[in-house]
Amino acid sequence: MEVPEPAPELVVSEWLNTDDPPTLLRLRGQVVVIEAFQMLCPGCVAHGLPQAQRVQATFGTDLVVLGLHTVFEHHAAMTPVALAAFLHEYRITFPVGVDASQPDDDIPVTMRRYGLRGTPSLLLVDRSGRLRANVFGQIDDLALGASLARLLAEPAGAED
Amino acid sequence: MEVPEPAPELVVSEWLNTDDPPTLLRLRGQVVVIEAFQMLCPGCVAHGLPQAQRVQATFGTDLVVLGLHTVFEHHAAMTPVALAAFLHEYRITFPVGVDASQPDDDIPVTMRRYGLRGTPSLLLVDRSGRLRANVFGQIDDLALGASLARLLAEPAGAED
Amino acid sequence: MEVPEPAPELVVSEWLNTDDPPTLLRLRGQVVVIEAFQMLCPGCVAHGLPQAQRVQATFGTDLVVLGLHTVFEHHAAMTPVALAAFLHEYRITFPVGVDASQPDDDIPVTMRRYGLRGTPSLLLVDRSGRLRANVFGQIDDLALGASLARLLAEPAGAED
Amino acid sequence: MEVPEPAPELVVSEWLNTDDPPTLLRLRGQVVVIEAFQMLCPGCVAHGLPQAQRVQATFGTDLVVLGLHTVFEHHAAMTPVALAAFLHEYRITFPVGVDASQPDDDIPVTMRRYGLRGTPSLLLVDRSGRLRANVFGQIDDLALGASLARLLAEPAGAED
């Protein structure tokens, strides 16, 4: 098994659903679940985001659920204003960051850093800030629940 | 049973998915199914639009399926540019008209004319151009299939 | 289009859910929907029987829904006693006939007569007693609703 | 939190899907998931048993999945012969025990011992043979996956 890498910091131009913009550095010590999505991606709407909401409902304050809006197509459609309306209509209440764009690149910064293959992608960060999973597409709830319980059981910094 | 009213003409500022903008007047003689929706309405995405796609797939050229984007909230989010991206991602291929906005009114023109209560709403227009159903919310496929078969069986202009 | 055949009479050894055993002859003048199933057939439990229940709920007394228990495997398991418990647990309230068995044949009599390929199979009989559809497997609700509306619109004996 | 009780031994009159009848005593050291069901219980067929199959598929040989046929109604319908046909048709491959009946009691022996409220019920037994969960009805996959991972992480006999 490969040694887990430190999870790259999120580079976000704007946060919604929070007045206190999170960073992975400040969340050190907690398990962080990041749902990378696009608001007009059917698989995100049908599977990825509802699963992130179920994680939030099931695990409550034991872990942190974040959304990351990694727009890599239809940029003119998926603006922060549109995203805010989307989050309202779909009752998404966890903090969602807009992945920062960069000149001459359709792929936003954090998406590049993590090497995401598309949306939805699920990222799991352990209490020590290391990236433990980076899964493109659907993942079933039984396996995800087990992974989260295992991460929650690890002491912070234990394997540093 | 009440006498059916003529279906008000659609007032559309822009059509997508067609080079030949339809009007109810020109479609006289055909059964027309109109799915009134908003791209950020969860019930439209989960139920209304997939049902309209199933109608298109099941009845083919026997009838005409149209979408009507009746934006009455989040206007800055649900622009024509965003709608075009949405239709592309959700593989919606039937013509979709953008219901015309008017000054000082959140409700667009056609939505007012039909007295729609919200989205999704399904409108059925018979071969004589009369409004035969105006249903807000979900309608089940068995009942809809039966309604469509009955409308298709009517001769054009028969009850005029 | 081929000329429809008269629907063979049902050969039933026992009826459940009714004190007045139906025959196709006596139902002449009505549209009859027959769901041929086995109680231990997963596709029947998941799709066929719920659809027959939806037809009953949607069309009410406009047509007649019947079940036909065409046991062609696991005969010792799917006895009339077991069937009665099954109908109770699954809240199936339309009349269900036990397709008659015959010596030295795993396939029951009515199933043979109709040449059914397996279960579930849906049979549609028109007001004149003719077999208008014999579909093995899943059929979608929109198409079925349309077929039923067309049969209901036909006058009894019109095409005799 | 209450101290977990030893899980009562299963009292089974007949095992299907195995030539080597399991006992909880012999499974000591392993996490055991027991799905208590009745073959004619709609909630078992729609939810409980498919979940047990998903547990088997997801966790493989890390734990042991068992079925327990706890017939407390329709005894004449849910015989071992009928159960064998049911398991075949629904592709259930884990061992299933027939909960032993006793004279003058509709409730079978193991069901009484565990105080089950009905079917489906999910029982979780830890590596030390203690009953850690006894849940009637539906339990969601995320929570179950987490519970199983926690039980799997416990050393055998650790809390004895």
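Labels for the chains are A, B, C and D, by order of writing; each one numbers its residues from 1.
Definition applied: a contact is a pair of C-beta atoms (placed from the backbone, for glycine too) under 8 Å apart; a residue touches a chain by one contact, two chains touch by 3 or more.
Quick caveat: nothing in here was measured; it's all calculated off a predicted structure.
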Do the two copies subunit B and subunit C share over half of their interface residue numbers, or under half; same or different? same
How many angstrom lie between the centres of subunit B and subunit D, each centre taken as the mean Cα position? 51
Taking the mean of the CA coordinates per chain, how far is subunit C from subunit D in Å? 36
Counting only residues that touch at least 2 other chains, which ones in subunit A make the list? none
Quick one: label the inter-chain contact graph as line, ring, star, complete or other. ring
Inter-chain touch pairs (all): A-B, A-D, B-C, C-D
Contacting residues of subunit A [partner subunit D, same complex]: 54-55, 58-59, 140-150, 152-153
Residue numbers on subunit B that touch subunit A, as the complex places them: 40-42, 45, 73-74, 76-79, 81-82, 84-86, 88-90
